[in-house]
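Following this line, the structures themselves.
One chain, chain A, links the two complexes that follow: it is found with chain B in the first and with chain C in the second.
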Partner chain A sequence: MSELRLAPPVADWRRFTGLTLTYLAVAGLALFILVPVYFLFILAFMSRAEVYSWPLPLFPKHFTLDNFHFFLTINPKIIPSIWRSIEVAITTILIALSIGGLAGYSFARFRFRGKNALKLSVLFVRMYPGVAVAIPMAVLFMRLGLYDTPFPIALALNYGVGNIGLTIWITASIFLGINEELEEQAMVLGLSRMGAFFRITLPLAAPGLAAAAIYTFIGAWNEVVIATLMTQFNPTLAAVTYHTVAAAAGSLHLQSAGGAFMAFPALVFTFIIKRYIIQMWGGVRI
Partner chain B sequence: MAEVRLEKVSKRFGKRVWAVRDFDLRVEDREFLVLLGPSGCGKTTTLRMIAGLERPTAGLIYIGERLVNLIPPRDRDISMVFQSYAVWPHMRVYDNIAFGLRYGRRKKRLSKADIDRVVHEVASLVRIEELLSRYPTQLSGGQRQRVALARALAVKPQVFLYDEPLSNLDAKLRIQMRTELKYIHEQAGSTSIYVTHDQAEAMSMADRIMVMREGQGAQLGTPNEIYFRPANQFVAGFIGTPPMNMLEVELEEEDGGIKLVSPHFGFRLGEKTARAVQESGVRQAVLGVRPEDVTVSLEGGDFSAQVFVVEPQGPQQILSFKLDETLIIKSLTSADLSVSPGQEVWLSFNRERLHLFDRDTGVRLN
Partner chain C sequence: MPEKLGGWKTRLASYYPYYLIIPAILYYIAFWAIPAASGVALAFQGPKGFTLRYFQYVLRDPYFYQALGYTFTFLVISVTVEFILALAVALLINTNFKGASLFLFVALIPMVLPEISYGAIWATGYAQHGWVNSLLVHLGLMDPAQPMSWLAYGKIARWMALLIVAEAWRGLPSVMIILLAGLQGISKEYGEAARIFGATGFQTLRKITLPLLKPSIQTALILRAIGAVQIFVIITVIFGHRNLPVLVEEAVYYFRELHQKQLGAAYALIIMGIVVTLSVLYLWLSGSFKGEEGRGE
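And then the complex of A and B:
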């Protein structure tokens, strides 16, 4: 310690300046993201008069839920669409995690011919924008009779397949972080490889897998473009919100309520997975 | 119980890498056999093939009378202790130990009370009874090691497999655990196969040692055979601390006997050794002498040399002598002998314990 104190003042200044600049940059970035989010949420709870008053108060003086009430009732499709969005997200997770998770396990544990090429190729599906194939995809689903069904299977398939590649990489990194000897010990003491996977590996991987699931959930929950193109009478919340907010141009308080309503679940989930992100990406080396 | 037999077992990784090649081994019932060798010699792969965690590329593996090549690990009636201990972090110590009793297929289903009895029995054997309700993260490395041991014991297997179980413990605990493991082996009355790269561990625990090198057996024998009659230069150099002195020598016929000649010394070999050398016809050899067989004297000996370095080791000391630019030989002597670097002393070799190896093949001559 005493040696550190003896360091010349110049070095101290340099360190101080460096730290200050770092903190300024971080603060700037945080403000860039947080200021719009903050205004989105306070505007949602203000009356129309207050929203358009000057100067704009930094906190709603007359706290109101009217905007939300209006948003939820103006379009009869909204309430069913919330449920549908949850269906889409959960089905997407089931597809992505069951296929992607098992594939991720294989990439983490086994050596096989063409492994390197395969693990790269699973990302190909991410290399072009989803919109580019949305129209042909819509046509395809129409022919299959799956277009715009009440249960949004077409959307779930679309998101699910799009997420498998990423899920493979995430889950492989989770499984790699679990010592293989833990499984082998279980196999020696009485389980099959499958049994060891379910009794040992899966419980240990659960927090990471949950994080991966929520990550997928947010993606499916927030997706607008494909949802708009692939639905008509049975839209998801994202699609309905988009239409409603677009139609409410000039009513900032209503638009904010729609945006806040949409963003809230995603925000909550993000805070939940925060703790697991390190585990999710910590061991990336497949 | 069971003997374990390996016949011409080979394991190839990828296209070219032979981890184990044409390996034969017969482990007697209730024997404590140690597979010893430097890293990469194939000892762990061999153990994993016996466990069923690796499939041999060729060869047959028997446990008891049963050919087990196609039998999955869980049906082989074995236990294994891993280097990482492999204690499951999401289960209490109790459940870790009871695991094999609950899910094992080898024995008939045990009642809850029976499982409880066995768990307490093995936990008291390895002295962790007070830890049963804890989670592994709350345990020290040594305690986890004991949990792994208790778990292996609980299923009362025919064969115990150990994969460097002590290498993650600190030096003091390691020596203590050696004694306990040997005691447990005797209590359990099973066959044990133990992999290590630590020769002191091997020497102190094994009934027999199989020294491995590059996927093949270099020598199989009791610790004393391995130490006092190494079959080849590799085993001779691998076993012993400090390592055996190796000196290149010529063997010359002289008056019907054999004289051993080096630039620094020369002497006639004893009759038995000479006969063995004559039969082999080898004239270029390597002479191996263990440091404790190099006697240092101030009065006289085979040849004289200057003390190079003195390394005290408590009751003993290691003396080094530089014979020429590349050749240093070491002697392990009593610390009572007081010498200092630069001093001229006499060295002689214990004739009863000379090791002669063919310089080309490394095979023992005498």
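And then the complex of A and C:
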């Protein structure tokens, strides 16, 4: 009897410690992640007087957009570079979704010779260091007279490579999740395979494809090293912000405004597609 | 006649998978294979044909050895630190708790934030009157009259420590998510069975959980190592150009600042050699070379 009475408290105690430890770990890591982000944003929105007060306030009193205004006007290249970044990102999305999407569909639906070698190549190309392609590609495009053009086509073509691989991976898992029988039934009812794809599969895959597009956008928007190598007078926002922020040691208002401005789209888009990104990192395999 | 047409159509249809991947293959050839190959050519091509002079130059450059040393010191310490901490956190939170999905979004933030934002966070943090010192003052851990000057010039060991903390901020969540995904794939029954047979928690971890988690551990470690070899942006934002030289920085420096394309290419090739070795190791360990030819397994 005494044993029976003793057992539950022990179990409860264990469960309790377990849960407490879980929440402590969660809270610890969440704080470690969020505190720096919090400071980046409050610094960016603080008045100049507050940014250079000591110690910095934990909760700023005066919110202002002055720092962003300062950042956006410090270099005349910045405003045009925003549009250029969007252009490059959209071009990359178009390349990745059309070419990568086709291959992803093929990977998901067919069994064919050389499939494994192809999968391996896709992974290998993804892991290949960016500089080792960007430098020679810049040289090749210099010879063609297409280096550092107002619309940096070379950059978009370079981003296309990595993102095709990523899109193959993502779209293959999307198409795998759509029952092939739906397509087969549509084909039995008289649609061609192409028709079945466009009328049945594509609409079902649309949300996943949109997520893939957004993920590509985030990648292209964020990328610095290749953008630095492949542009000079026509930089993307990431490239010009990088030079601005790296040259502004000690100018907390400028560094934080540049960092926060770059961060907004990435954060908003990530929130929209968080479910898909977690799935992707959670080891969805093709 | 219709039968013949059918045969022709079937034949055509059997090439379907190839039609669909041909654009990707052509794209890879044009914008990856050709540049990658011409990068090799660039590094070995002198005015009079084949030459090793660019590599000889690199090997005589004191910056090269510094860059190599710093890159590898950083790689080893940061990957180890991130892995141990991430494993501890992943083991602790491998239960269903309230707010798990929100927590995962938070863990995604450092992974998707632009490198410039990441650099700006830590550059403003480590500044003498930056947010790290301010936070320490507010917590009563620092005398406001004597703020620590974290970035004092030339304190390389301290810089390395600062870099590893910053990189842990960025890398730890991604390692944790990979390990967590791996842990969730392990059936709870193994652990329960071990407990019934009297194993302690530590024994279960060492003999059951870690061996089963091996594929995820390999993935996380090698992906982080590949990222660490290519560290660059954060260093120049926090410490300035070439104060803590690393390999990618040298490649970019020679190519873009000095317009020495061949030296840039030579550095890029060295980085490529390291990354490709790690990638092949990864693909080999993960069993990708002996994968089945199947329909989306």
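We adopt the following convention: the second predicted complex is superposed on the first by the 267 of 286 C-alpha atoms of A that agree within 3 Å, B and C clash if a C-alpha of one lies under 4 Å from a C-alpha of the other, contacts with A are read in each partner's own complex, and residues count from 1 in each chain.
Note that in this section a contact is a pair of C-beta atoms (placed from the backbone, for glycine too) under 8 Å apart; a residue touches a chain by one contact, two chains touch by 3 or more.
Worth saying up front: this structure is predicted, and the values here are computed from it rather than measured.
**Student:** Just checking: does A:Pro207 make contact with chain B only, chain C only, both, or neither of them? Give me first, second, both or neither.
**Tutor:** Neither chain B nor chain C is touched by A:Pro207.
**Student:** For A:Gly177, using the defined touch cut-off, is the partner it touches chain B, chain C, both, or neither? Pick first, second, both or neither.
**Tutor:** A:Gly177 sits against neither chain B nor chain C.
**Student:** When the two structures are overlaid on chain A, which partner does A:Pro80 contact: first (chain B), second (chain C), both, or neither?
**Tutor:** A:Pro80 sits against neither chain B nor chain C.
**Student:** Quick check on the superposed pair: does A:Leu58 touch chain B, chain C, both, or neither? Answer first, second, both or neither.
**Tutor:** A:Leu58 sits against chain C, while chain B stays out of touch.
**Student:** With the two structures laid over each other on chain A, which partner does A:Met187 touch: chain B (first), chain C (second), both, or neither?
**Tutor:** First partner only.
**Student:** Would you check which partner chain A:Val245 touches, where first means chain B only, second means chain C only, and both and neither mean what they say?
**Tutor:** The answer is second: A:Val245 touches chain C but not chain B.
**Student:** Could you figure out whether chain B or chain C reaches more residues of chain A?
**Tutor:** After superposing on chain A, more of chain A is contacted by C.
**Student:** Looking at the complex, which residues from chain A come into contact with chain C?
**Tutor:** Within the complex, chain A touches chain C at residues 18-19, 21-26, 28-30, 32-37, 39-40, 43, 52, 54-56, 58, 95, 98-100, 102-103, 105-113, 115-116, 118-121, 123-125, 127-140, 157-158, 160-161, 164, 168, 172, 176, 193, 218, 221-222, 224-225, 228-229, 238, 241-242, 245-246, 249-250, 252, 255-256, 258-260, 262-263, 266-267, 270-271, 274, 277-278, 281-283, 286.
**Student:** Using the touch rule from the top, collect the residues of chain C that touch chain A in their complex.
**Tutor:** Result: residues 13, 16-18, 20-21, 23-25, 27-28, 31-32, 34-36, 38-39, 41-42, 88-89, 92-93, 95, 97, 99, 101, 103-125, 127, 129-131, 133-135, 137-138, 144, 147, 169, 172-174, 176-178, 181-182, 184-185, 216, 226, 229-230, 232-233, 236-237, 240-241, 248, 251-252, 255-256, 261, 264-265, 267-269, 271-272, 275-276, 278-279, 282-283, 288-289, 291-296 of chain C touch chain A.
**Student:** So in the complex, the part of chain B that touches chain A is made up of which residues?
**Tutor:** Residue positions touching the partner: 51-53, 72-74, 76, 78-80, 82-84, 86, 88-90, 99-100, 102-106, 151, 155.
**Student:** Sort out for me which residues of chain A touch chain B in the complex.
**Tutor:** It comes out as residues 179, 181-182, 184-192, 195, 199-200, 203-204.
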